[in-house]
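What follows is a set of structures to go through.
In what comes next, chain A is part of two complexes: it sits with chain B in the first one and with chain C in the second one.
For the complex of A and B:
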């Protein structure tokens, strides 16, 4: 009902403000003017948002890129005070990508224990976490979604309940799992084991993956569930009539039809995982081979802003490339069929 | 297609904003003439420090405000996370508005802030008398022979031991190691400090190196860690871990985990800060209430060299009311205030006289031991590049202790990493 009222009310008001004599105008001209005023109104209405976006997103981004071409401040040996470093060219990028550090006699490869030496390992760790966590989250999320899609008693309660891990703030989740994986913690007590979960590389990574999967699988499940619910029941009925087995129904109906939702869910999670910070930062502090790119950026901010800007620009480019590849080669089909309506209108 | 094209860029932009927004505030710069201005300014000021957990600051501020109606102090409390405090201070200093007049700085930040030109040098007209202060604490506020910050509270490492198992505490590291079979016979672990890879590890490793006669950096901040003395110190830790005298879970211990193990009776020796004393005496879950004692850290042939903790007070170089700020500094470090810190907040005084104050020692029996600890203490590397230096120490020593790298290699790498860190 409301949709009917608004379009009628808006031009009416405008017309009366401009003068009464417009009322008898040709219908087509009225429609044309309506479109124009609406266009202008739309621009006006969007403008504040665009300005805010420019201020809060564009400005810091451009500023960071400019900063990344400046040297970090250095110490003036005579006074012991910091002085600004000046234009650096691409040396900050060389520092990270080729792990070159200043040494007593020029530059050389960064020694272990410097942040510069950790760029590629942090990149590797980030991708490792991304691939493993997203894989398990998709697997378990799909499984949970299939169960929740069925009609059974208490379904709504279950749907609300699975959201609990997702509703807990990540920092709290991280602290929770930190205690669970402590040496005298629940896991070691339960399994009578004495594993140094946060004190050695393999277990530390496993602990972080478990915590992340626990936290984000519900998110995945609900997105996939939404996709499942879009599939009309008639399709399954028809398939059953045609004698398709359960596996065939899953492979030939569920999977292709849920693919758009699935791809969007995976894309979101991949982008999220690529900038993972809080879980490893709180559970291990980045020790034992769990330093991700985001942790490295934050550590670097404390040491020097300009090389931190270069590092976050590199991080951004990496994430951009991954997202681009994803949408271009993997997600393109999915998204096309998902927005079939919009595509039709365009053509 | 229209929708699909929009999803990715939007998602990316949000990612980007998250990654980069944090970096947008940084421009370097050094203090110009600000240090010479407003030296006689009087007026209302703001005092900033981390969370006032034991509620010692508010009563003091109220007392000051009652006596100085025209120079009132506003107290701004930060979070209780040290990194966040540091970043908050940096942001306000960079803004150069002088809205933070007096700030509380961790001893390890003093050199960095001083080198940025953010702190008012406490010399000439601004000089404050530090007679009676423990020399090591004054050293933490000094950069390039100029005092930039006034010691407010101190902290030193103490050895907690089980006097029911070892009646006399070990004086040297070797003695302590020789006592470890006693713990093994009881089925408990021998010794632990803070060996997880974080700032606490730097504290413990610096203690091991300093105790063995080595140094991490010299007076000018140049690394000096690749020496036989430093090797002896780090080897002590690595060897003890290998032998099991330091239990294997100790590489996950920060202050609290070690304290809990000690209070649960699972540990014979623990290196920790004085705050543990009261908790171990009063905690309901503490099984060692009446069976633990305290001693100075074991050394090479006498008391060991503790790393120095604690906080200093400094004046923002851009403050408008420096005369008031200076008076406030004097007030906040007076003998009376220091005594209040000690009794109300268990914060270690910086004035030597208080450690022998009979009244105070009765309330805080650990004071004489702590005095020995602080008198033998060595400040952690005084360098404006502290964050990078501590990274270099933590990462390499952690690998040396857990055996994934030889001590020699770790020290070579540590030396190189510190050289890189300080050669900007």
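For the complex of A and C:
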């Protein structure tokens, strides 16, 4: 790290000394120098943010990884003695991934109902929620975006209405839908049904999915709408002149041109859904087959930090892998669109 | 339709009329779709407000109008005897969200300026890191923070919630501001420099006023994100420092073992109305802010 000013960093002085004897070289050196000074300014401006992020994210994550290789404090099932941690190797990971719990004679599969037995079901539930909610949100979101993109009287009312579910805190949304799906609630009254919505697996999951779709479809719709508005109107006019039907225009123009924005929107929603916590935690508390990975981590924290750390690390890795697949193979290049979108835009 | 079949004989006129009918039908369909979307988005919200004002004995009344109107639910929601610290929770949320927003903006503005305006090596990497941080799962940091804050006696303190909140809000701030800043007419700054302004003057007099709306919009988004946080607050707060989202999730009613629906809806209304008003007033800006980072 060289913090002192290099002699070449003062372009004005050096340029005047050199005169104009070699313009080409001078220009190149100037540009290089400009990048260097800008780089230094950028470092100064960005460093605080990176340091803050390192403290609030990187440090806890590294800490979590270290913790995940320690034994939990507690009674040792084999000896009946109180133990205070110590290096555990990968046993916490084995505990979750292979659902192995300590027994008096070593380890065996975790008894049903314990947290240790729930890893794979929680993973399944998390992916189930993610796939189903993102599917419906994309479908409805696209439809809403297509309607919002049209010009008609009262369009601003529609745009305002769409922001309301987004603005309501998720905790309130959860309580609101819990009330709507109550046994004597409005849904059962309207449909003359008597379903215990949060009392059994299928209905509980359906209730959570409906609440999530209600809350987050508007966000999806707005992202897709922004993508739609970047498509120049002339393209549609040209297609109309050429006699393309509405369906053809949608399939051959709208869909491919909106794809970059759509993929970024789906990526955002998928990563959000994979960490879903508030809705199921408040609506069902994770009962009846609605325990997501995040709920499992929080439940585990109260029992043992270190195995909770292992579980949260696994969750993080799962989300990272999904994000990687999206960016690498499905073309959801959020970074590229953030850094100017040179490739994404000018197709 | 009848005009098309009876009075018009020429082919072109017929085609024109058919086109017009089709257009009318299309616009009718647009209105029907828009109405469905508006009702779907607003009906649960409306139901919350109706219930908030309904006498507790009529909690499950299915009339969609304001009947049996009372303020009692709001009294219950704020009632200290039942342990519903909603007033305190509102102040807590206001404080935590404000500090988080200010800190995130303080750091975010500089980083975003550099990312939008300067050329330097590793820009791509920094953007990727910040974007990655914004998609980071909260549960991945909550375990070590719980242990760390437990060890240093921070559980139930404001800083224990503000610091993790910054980790969610700061990346969002940088990301949104960067795309706003990229669209700004930076040539004006250079023009001011040529006219004899110092860099500092140019920034203060030209750029800051131009950037103010973007910063303000980002502040609203950051504030809402922080206001809505639940996971961290539910684990790291105590009765005195809990935020509104936690308070609502843990509401107690006057009857034991019975969900105090009407009081919860009243609390939900109190917590949501300011947000909804804020969002509706700054509608255009918020939509711009929400989508700026993602698709531009």
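Here are a few things to note about the model shown:
The criterion applied here is as follows: the second predicted complex is superposed on the first by the 286 of 347 C-alpha atoms of A that agree within 3 Å, B and C clash if a C-alpha of one lies under 4 Å from a C-alpha of the other, contacts with A are read in each partner's own complex, and residues count from 1 in each chain.
Heads up, the rule we're going with is that a residue touches a chain if its C-beta (ideal position, glycine included) is under 8 Å from a C-beta of that chain, and two chains touch if they have at least 3 such contacts.
All values derive from a computational prediction rather than experimental measurement.
On the superposed chain A, the positions of chain B and chain C overlap enough to count as a clash.
In the superposed model, A:305 makes contact with both chain B and chain C.
Look at A:238: by the touch rule set out above, it reaches neither chain B nor chain C.
In the superposition on chain A, A:103 makes contact with chain B only, while chain C stays out of contact range. In the superposition on chain A, A:111 makes contact with chain B only, not with chain C. Legend: residue contacts after superposition of the two complexes on their common chain; A:288 is shown touching chain B, with no touch to chain C.
In the superposition on chain A, A:194 contacts chain B only, with no contact to chain C. By the touch criterion defined above, A:264 reaches both chain B and chain C. When the two structures are aligned on the shared chain, A:57 is found in touch with chain B and with chain C.
Contacts of A:227 after superposition: chain C is touched, whereas chain B is not reached.
On chain A, the surface patch touched by chain B in one complex and by chain C in the other comprises residues 56-57, 60-61, 63-64, 67, 182, 184, 264, 268, 271, 274-275, 294, 297-298, 301, 305, 308-309, 312-313, 315-316, 319, 323, 335, 338-339.
The touching residues of chain A, when paired with chain B in their complex, are 56-57, 59-61, 63-64, 67, 72-76, 79-85, 101-104, 110-117, 182-184, 194, 196-200, 264, 267-268, 271, 274-275, 284-285, 287-288, 294, 297-299, 301-306, 308-309, 312-313, 315-316, 319-320, 323-324, 326-327, 331-332, 335-336, 338-339, 342-343, 346. Residues of chain C touching chain A in their complex: 27, 30-31, 33-34, 37-38, 40-42, 44-45, 47-48, 51, 59-60, 62, 107-108, 110-111, 113-115, 118-121, 123-124, 126-133, 135-148, 163-164, 166-167, 170-171, 174-175, 178-179, 182, 224, 227-228, 230-231, 234-235, 244-246, 248-249, 251, 259, 261, 264-265, 268, 271-272, 275-276, 278-280, 283, 286-287, 290-291, 293-296.
Residue ranges on chain A touching chain C, taken from their complex, read 34-35, 38-39, 41-43, 45-46, 48-50, 52-53, 55-57, 60-61, 63-64, 67, 143-144, 147, 150, 152, 154-172, 174-180, 182, 184-186, 189-190, 214, 218-219, 222-223, 225-227, 230, 260-261, 264-265, 268, 271-272, 274-275, 277-278, 281-282, 293-294, 297-298, 301, 305, 308-309, 312-313, 315-316, 319, 323, 334-335, 337-341.
Across the complex, chain B meets chain A through its residues 1-4, 7-8, 11-13, 15-31, 83, 86-87, 114-117, 143-144, 196-198, 248-249, 251-252, 257, 260-261, 384-385, 387-388, 391-396, 398, 402, 413-414, 416-417, 419-424.
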